[in-house]
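The following blocks contain the structures, represented as structure tokens.
Presented sequentially are two complexes of chain A, the first with chain B as partner and the second with chain C.
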Partner chain A sequence: MNGNSFFQIYFDCDLKSKDQVYDFISEIAGQHSSSQQKLAIFHQFKEREKAGSPQIEEHVLLPHIESEHIIESQILFFRLAKPICWDDTIEDIRLIITILLKKDEEEAIKKKITLFTKSLANEGYLDRLLNIEEKSVFHKEIITFREESR
Partner chain B sequence: MISKDNREQKLLQFLSKNQDYVTSKDLADVLHTSKKTVYRLIKEINDKCADDSLIVSEKGRGYKLLYEEFINYQISNKNYKEDHFSPNERRKRIMEELLLSSPKPIKIHHLFSAYYVGDSVVFNDGQIMSEELKKYNLVLERKNRTLAIIGEEVNIRKAIKDIIEIFNIIDIDDLKTNQELKFSKYDVLFMLDQLRNIEKDLNITIPYPYNVNIFSHLYILLNRSRKSSAFIYTDKESSEETEKMKKDFNLYQVAKSTVYNMEKYLNNALPEIEIYFLYQYLVSSRMQGTLVTTSNLSSRVIQVTKLYIDEMSTRIGLDMDNQPIFVDLANHIKPMLNRLEHKIRVKNSLLSQIKVTYEEIFTSVTNVSEFISEKFNLPAINDDENGFITLYFAKMIETSEHQRPIKTLIMCTTGIGTSELLKAKASKKFPELEIVDVVASRNMQMFKEKYSDIELILSTVHIEDNIPFLIVSAMFTIEDQKRLQRKIEEIYHER
Partner chain C sequence: MKIVGVAACTVGIAHTYIAQEKLENAGKKAGHEISIETQGTIGTENKLTPQQIQEADIIILAADVKISGRDRFEGKRIIQVATEIAVKSPNKLIEKAEEVVKQKQ
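And then the complex of A and B:
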């Protein structure tokens, strides 16, 4: 884990189902909140999926919510230890990138997130994130992005 | 009930229009037949092509045409004649021989011996050919076990041109080496030489299909003169027309010297009117390198061209003012009017392809053409011509520089997650879109006010609104892209 930094990377992650993933995310997002708030985040993710699939590429999901229960905006990376089946239609998921957006977040942070999501459209970037075998290299890849975006 | 050949054609056309799989039920509906027949048709088509299947099937998805194989199949299907002739082909070949020799009679035995058919078939073929020839005001005369075609020279040549299919498919560059064609090599070289001289003397290039058209004309002239040196032109050009031709000094000289070369090659004199005839072909051809500007177009050409553009812009909903299309199209219309007047038909070998690819434009052009020929008192404008005109408008749409971009909002729940990703992907693939903003779905009302002229919302989440919107997955799959392409076309169309 990387403390409270904006980007957090969970490498070789042992999550096995959608519920487990969302539960885990809501724990991080609501670190300093009540369990009720954590539950609210959990449900918000589930609701978001009803509106549209979070899948952005083969093997990759990008679930994202904006919520008043989120105290600090963050981007979380989960590189799963084993590919998981997400639901009836989405399977073989290996990388989950989660965007947690604080309600009424300041523009500068929003911009930073926007810049990041845009970079996901670059050819090869997601491929690299999917296939890097070392956590440190993965880290570097994200940091490189962060530095470029400064 | 449509015939089998027709159904095959229709099936192939329908499949070629759909890039993806089509279910047998859909195919059955289109062809008004049963699924079983569809299955049988497809099997027959696949059996016919020697090497690979043309149509592949996948369980649960249906049938799909392998486009590349299809194109190859179309080409090879036209180029290679089998030794065995269908009744239709037999009649065509016999008719060709008769036409080229007209008015000389040919023995029936000589005509039919190669096909091993009985008297009743000969009689029947005669009936059918008579019917066909009526369209050209020609008569099939049967006398003393011979057949002969009688009629005016102009009509005979027109019939030859239509009936000899080879003119639809020849490629000028390919002529010298193509073994499949039954042209004599010397003739081909001689005629290509003539074409080259014409181009050189006029300092122009004659593009396809006009070069093929002139080639065909020379070919027919050559063979008519050989097979029946007795052919006579009964129709005479009016002295007024001749005067007009002589004023067009350059073209007249070229026509004259080409006919002179033909006479030398044939070692036979040709009637004076051949010069006029060839001249008409030259005037009716589009020539590159002498692009006329509006200043030397007749007012009639300008009016017809303008009317085409005006009518087409209302029909296909495009603003074509100040477009380079005017000069382009006028340069086509000018020789076209001449072709119509002198009944010169340029075969459009791309016609069926054009009809499939630009179905809508073609239909509009056909309607406009009807309207125009009525208004300007022109002979009916045929499908070959309509096909060419279609290409001018299609080209303009495809290049689409004139199209104002579609103002688009991109939306997701937060306005910074998948929507940003989508924006990056969509703007890369669809330059037609002007993405004005990326927004969160809950703010939609606000943004609708801010951007009142929005034409499309691209969203990864469902929205309820009357603005055209398209839900796409954040993956922006090929399927999504196709749907977006269709939506863009819809919007362009509605404009």
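And then the complex of A and C:
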């Protein structure tokens, strides 16, 4: 794992299924919480999918929730070691960007997140995040965004 | 062609803003004048003016939730889709808007 506390980067990540991904995210999001709260986060992600697909581009997912169980808002990047099948309709996923939004988060943090999500409309940016082969370059790409958004 | 619209999603932090960017980029690329209002977790941004709405040939509502001020578009030609459509297929959505406006003429 690398990055500051707001952006967390997991490169060459060995997660193989939706449940593994959500389980891992729940552990990160609820690291100071009870197992019940972690489970609640896990289920919130599953519920969110019922409202709409998390896929935003070929090979890319953007699962995100707002929750009272999240202590700190964060954006997590998972560049998977191998492409995974997400479900019956979503396959060949290589990059998962997760937004964890704390309930009643302050306006400045929300604005920072929305600024970041706007950048995901840029196909060139997503292509770079998908295809960068070195961990250090991937970090640099995220850091560049972070610096620009200050 | 003049296009205006609203983007709004469930959490209001992600799809809303990607949909806005993608629709505006696709619309401009196709040579249209386009402005998309966002109704998200930070409130309403890029709010449409009555003049923009009046002059619009078509309204695109990319929303997963009930939007505020829908009555502003009464009497206008409206395309309503989930934000997912605007995020995944913005060019096709603009093409659809072009078709609808052509049919109207």
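Basically, the second predicted complex is superposed on the first by the 147 of 150 C-alpha atoms of A that agree within 3 Å, B and C clash if a C-alpha of one lies under 4 Å from a C-alpha of the other, contacts with A are read in each partner's own complex, and residues count from 1 in each chain.
What we mean here is this: a contact is a pair of C-beta atoms (placed from the backbone, for glycine too) under 8 Å apart; a residue touches a chain by one contact, two chains touch by 3 or more.
As the structure is a prediction and not an experimental result, all values here were calculated from the model.
**Student:** Once the two structures are overlaid on chain A, check if chain B and chain C clash or fit side by side.
**Tutor:** Aligned on chain A, chain B and chain C clash with each other.
**Student:** Contacts for A:55 in the overlay, against chain B (first) and chain C (second): which applies, first, second, both or neither?
**Tutor:** The answer is both, since A:55 touches chain B and chain C.
**Student:** Is A:118 touching the first partner chain B, the second partner chain C, both, or neither of them?
**Tutor:** Both partners, chain B and chain C.
**Student:** One more residue to check, A:107. First (chain B), second (chain C), both or neither?
**Tutor:** second
**Student:** According to the stated criteria, A:33 is in contact with first (chain B), second (chain C), both, or neither; which is it?
**Tutor:** A:33 contacts neither chain B nor chain C.
**Student:** Hey, what residues of chain A end up touching chain B and chain C alike?
**Tutor:** Residues 48, 51-53, 55-57, 62, 64-66, 99, 101, 110, 113-114, 117-118, 120-121 of chain A touch both chain B and chain C.
**Student:** Under the touch definition given earlier, write down the residues of chain B that touch chain A in their complex.
**Tutor:** 412-414, 416-418, 420-421, 423-425, 428, 438, 440-441, 459-462, 471, 473-475
**Student:** Spell out the residues on chain A that touch chain C in their complex, using ranges where they run on.
**Tutor:** The contact residues of chain A facing chain C are 48, 51-53, 55-57, 62, 64-66, 99, 101, 107, 110-111, 113-114, 117-118, 120-122.
**Student:** Touching residues of chain C toward chain A in the complex: what are they?
**Tutor:** Chain C reaches chain A through residues 9-11, 13-18, 20-22, 25, 40-42, 64, 82-84, 87-88.
**Student:** Touching chain B in the complex: which residues of chain A?
**Tutor:** It is residues 48, 51-58, 62, 64-66, 99, 101, 110, 113-114, 117-118, 120-121 of chain A that touch chain B.
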